[in-house]
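I'd like to ask some things about the structure below.
Naming follows writing order (A, B, C and D), and every chain is counted from residue 1.
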Amino acid sequence: MVILVHEETRLLVQGITGKEGRYHTDLMKKYGTVIEAGVTPGKGGQEIFGIPVYDFVQDAIREHPNINTSIIFVPAKFASDAVIEAINNEIKTIIIITEHIPVHDVLRFVTYAEYNGTFIIGPNTPGVISPDIAKVGIMPGQYFRKGNIGIVSRSGTLTYEVSYSLVKHGLGISTAVGIGGDPITGLSFIEILDMFERDRDTKAVVVIGEIGGMAEEELAIEIEKGRYSKPIIAYIAGRTAPPGKRMGHAGAIIEGYKGTYQSKVDNFRRAGVDVAVKPDEIVILLKKYL
Amino acid sequence: MYLYEYEAIELFKRYKIPIEKTCLAKNYEGLKKCLYEIPPPNVLKAQVLSGKRGKSGGILFPNTKGEYLEYGKKLLGKDIAGMKVDSILVSERIDIKKEMYIAITIDKSKKKYVVIIAAVGGMDIEEIAMHSPHMIEKIIIDPLLGYSEYVIRRIAKKLMLPVNEVKKIFIPMYRLFIENKCLLVEINPLVLTTDGRLLAIDRKIILDDSFIRLDKGLKKYIDLRMCKMSESEKIAYKHGFSYVKLNGNIAIIGNGAGLTMATMDLISLHGGKPGVFLDLGGGASSERVRNALLIVLHDKDIDKVFVNILGGITRCDEVAEGIVRAMEETKTDKKLFVRLVGNNEEIGRKILFDKGIYAFVDLEEAVKEVVMS
Amino acid sequence: MYLYEYEAIELFKRYKIPIEKTCLAKNYEGLKKCLYEIPPPNVLKAQVLSGKRGKSGGILFPNTKGEYLEYGKKLLGKDIAGMKVDSILVSERIDIKKEMYIAITIDKSKKKYVVIIAAVGGMDIEEIAMHSPHMIEKIIIDPLLGYSEYVIRRIAKKLMLPVNEVKKIFIPMYRLFIENKCLLVEINPLVLTTDGRLLAIDRKIILDDSFIRLDKGLKKYIDLRMCKMSESEKIAYKHGFSYVKLNGNIAIIGNGAGLTMATMDLISLHGGKPGVFLDLGGGASSERVRNALLIVLHDKDIDKVFVNILGGITRCDEVAEGIVRAMEETKTDKKLFVRLVGNNEEIGRKILFDKGIYAFVDLEEAVKEVVMS
Amino acid sequence: MVILVHEETRLLVQGITGKEGRYHTDLMKKYGTVIEAGVTPGKGGQEIFGIPVYDFVQDAIREHPNINTSIIFVPAKFASDAVIEAINNEIKTIIIITEHIPVHDVLRFVTYAEYNGTFIIGPNTPGVISPDIAKVGIMPGQYFRKGNIGIVSRSGTLTYEVSYSLVKHGLGISTAVGIGGDPITGLSFIEILDMFERDRDTKAVVVIGEIGGMAEEELAIEIEKGRYSKPIIAYIAGRTAPPGKRMGHAGAIIEGYKGTYQSKVDNFRRAGVDVAVKPDEIVILLKKYL
């Protein structure tokens, strides 16, 4: 039944009237995602591609009680408010595309979401796609084909690259999840791996990490403890990145002794995880298990 | 973004965190002025963004007027850890009874705020952690709840200070941290003076770039840094590119942080030397591609340019047009390599082909070519 | 604790919530002074703690100087809903375009803060709820997170006001609510004037007695109310008893709120008429019991006193001693009944017996005796 | 296995060196409650009745890792801090005796506790007693005898009165829980009834309510929905209380049309709950079911 985004996904688009929101609403709809409504404060009453727009999440939910997922395209300054509005209206999966949300704001709504049992994906994520079923995000659908490999990644285009490579070699994707490139994100590798572990449509998982933070190390510890039965392959970007420099993502920076490429690879290897040194090698490592 | 010590002092003063007397000198005239405000024996601190300032000779202790002027003159313009000293902070010399450490930052694993304290100070917290881990204590603070009184009592006990003295430091420090959405506020060392005062005599603040974008009051720090940027950095910053200058000769332009990093790694793996990391970010229009290319085409350390675009949203014809425009505007003998995949891929490839540029499809094949040729 | 309107105004002004011009008159001299500050046509509002002030003739609208002085004179000293008017608030007359309602309070079921708004105002919120429930909206606010921007947008939309105008009212109102740990801050009506201003022209604040105990700034309100208490209420307040004067002739003294209420109910059930409810609270020492008894022994409306003690922590000998001391100090013809169970029960009963007082064990048996005899 | 306070209860006393704390620590210990440690800021290092005192909850937990319950005797001004310290140190049952804690403070720590999966009993409660096993509170042990009736109450001495009456008539108590007399409390009737419902040692439950608030009405709605299978008997104090007056407890006040005796009784009767008009009648009504 794949994870996070599936047949039952009924989507709300927050920030639907903005340039990005409008553009991707069109693409998601064309992909087959069921979009029930959109929200933009002050723009209630309009329609975008036949989708009704409301001023408040509350109004959208009242008219479309099946909504269970929201995607956020709201600009950084107002994104936090939009997320909290969604949480307070009991939307249980919130996918935040917006980049450059201050870390303090992210901490607050991530904590609040956790306390309320809400899943947050992102911020600064390309979103989530379950090929042939639905996409809630900005990734190009053409690089993803249905299959039984789960992907979880801190990156956007690199995920497309990896999926493209899998598809080229005859493999497919159950769900691909971008957890986001920021220093603090909602769900992290561990929670997504837990979902893949329970998902009958996923046979193996590819973890795409990058330098910075400790998310990969924390995952490796759980893998080492035997938390997962399914095969896991890892790839880490930033092997040659200099310390102290932010490499594109706010989270991709080696601070002090922490978050180095070597530390992540060592931890994965210790946990028995094969680490690909280049994207194309992922397929080769995967095929051992399939 | 790291603040200079004198910038951090501004914020410390605004929040009334007790510090020693200081005076900022931006040149020799300034030094002479500060001499009367804070006569020697005092302290001269080079205003550079390096944690190793002390070890690199950036902190000096003149005892006489002569020493003061001599040391100061030497320090101004000196190169410390690769940075030119263009201002000096003159500080009152403090008789220290005890040095301690206190910082408020973000625990990324727990997704909470964390207060870090140590009963020793004056050295790097990672050094303290290495040599005296038992001296360090971390106190987690829930971002919704904020701190409770017991946190202050805990700090007081650990540092063996009266609760009321700790309040004078911690409460404004926490407010500074929260109201400016800081990533780090650090006092190191926090000192107890021989006459019983508690002073923050060295301080570090890291601001959140994402918050600076939104906050009018903090934007000035960016303007200030713009002046110190290289021409390439300035242009990259203006266009919102993520730009990192590296040591090699191959410029890598990609769309997306992960992909650009992976490309850089792959170049290295095949024996190439990346000289520029440039992430275009999302939605690379022809104009953005052109601007990015212009930056690296004007970089004399670069002799090969590799553009790797995996267009999802990005349209390949736009990218191709941007490349063509940049190449036509610039007389260059740098070699250009392009890998282009995505929307309107065929059109894009044709546009390039018409101008004699071959576009690869496979990433690794492209990388091999970049390194070999 | 309910604040008088003029006390609420003090707080509204401190938080810069826009209100109309007002002037407080405590006597006829004051009225004359206010006349020049706010000339008629204006509004006179009796300062009494009743939600039905308007209906009881406590709000008057003089149009001339003559009417003003006449109305004011009549109002001063008048009795409104059982309370004597000892001060009048003189308010500017406002040309009202629209009346609305806004309040911040605590939702006891959800255990959250709640903002209640209505597009109509000027009447009791329970009346609005009865007649126009669709006009009311409740917005829940998490006490740890606080309000988010969308709450303000929601209020603005519901009340059909510009967001920036709502901010001027809501933000300071919320701060007042939080910083003073209020149980209720209500503006009713919130008005839009014909010249486009948004004003809080009537306001109600309920403070939390528990917070008043801890907050120096709010303690003055207690002192003020002490003056208006009856002698019995004053003594009870000083000793920390929970004291409520009722209509009957039987005083009930118990330890613990639930037990004292149950005793009162039982007295009524058997046909008796409770005249005083007095809860001693926990740990009834002989001194406290004595003080409680003295209050009701001096109450001329009372002719029977029933002391019901279920000593858990309370020692029955202490209670007995307190009763004996009070009875010996007072010449009284009131009938005393005691029910005494708990620690040192036998000793206590003997102390009373020696002074000719019989102590019951069974509650209902005692109550029957109180009512019958 | 009774509820909340049982054989596994290992107690921490916060505010152990105060007059009340010290006195009741002695009584609880004599009753048989296992008290591991106490906390009073600045008094660390002392002993009270042989029980070690610490400056911080953290220190007590480090030395006594079995502590799972805390009782709070800390004065109102500092109580909130003590509760949060206990929550942050992962004590999962916190019983707050302290009276007069500002409602805003209570709201904050009750919300925080709920978010962290911590049980709060009180404030302004006599505590919890499971006769012959342990008492964590200030109630006199002599009025409680072991049996199979659960009691949950907003009141202190009235609970003793009811228990005394049950005992007199040969009945006994599994656990008696005071939820507290304040307008906002931690666990309310519904949560406690849920626990009794699951508890094999409880055969019937007595609910002792009082005027003010909506806790009884909310419980009645759940009973009407069929949430509970065990017999429930109710008693409500304050039938003759005048409106608008605070009757001893901060929560015992009839505000507007809400929280009246009649509303509570009507709701209970509609739900099929027998309501005793006087304490002694509780036993009579109970015996119908036993």
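The definition used in the following text is that contacts are C-beta pairs under 8 Å (C-beta built on N, C-alpha and C of every residue); 3 or more make two chains touch, one makes a residue touch a chain.
The structure displayed is predicted, hence computed values, not measured ones.
Steps from chain A to chain C, taking the shortest chain of touch contacts, total 1.
Between the chain pairs A-B and B-D, more C-beta pairs are in contact across A-B. For the pair chain C and chain D, the distance between mean C-alpha positions equals 27 Å. Spacing of chain B relative to chain D, judged by their CA centroids, is 54 angstrom. Spacing of chain B relative to chain C, judged by their CA centroids, is 58 angstrom.
Annotation for chain C: residues 142, 144-145 touch two or more other chains. The set of chain D residues touching two or more other chains comprises 108, 112, 115. For chain D in complex with chain B, the touching residues are 41, 55-58, 78, 80-82, 84-85, 88, 108, 112. On chain B, the positions that touch chain A within their shared complex are 106, 108-109, 111-113, 126, 142-144, 178, 181, 183, 208-211, 213-214, 242, 244, 246, 254-262, 264-266, 268-269, 274, 277, 279, 281-282, 310-313, 341-343, 363-364. Against chain B, in their complex, chain A makes its touches with residues 23, 76-77, 99-105, 107-108, 110-112, 114-115, 138-140, 143, 153-161, 164, 181, 183-184, 208, 210-211, 213-214, 218, 235, 237-242, 245-250, 252, 256-257, 277-280. On the chain C side of its complex with chain A, the touching residues are 140, 142, 144-145, 148-150, 153-154, 157. Within the complex, the chain C residues that touch chain B are 144-145.
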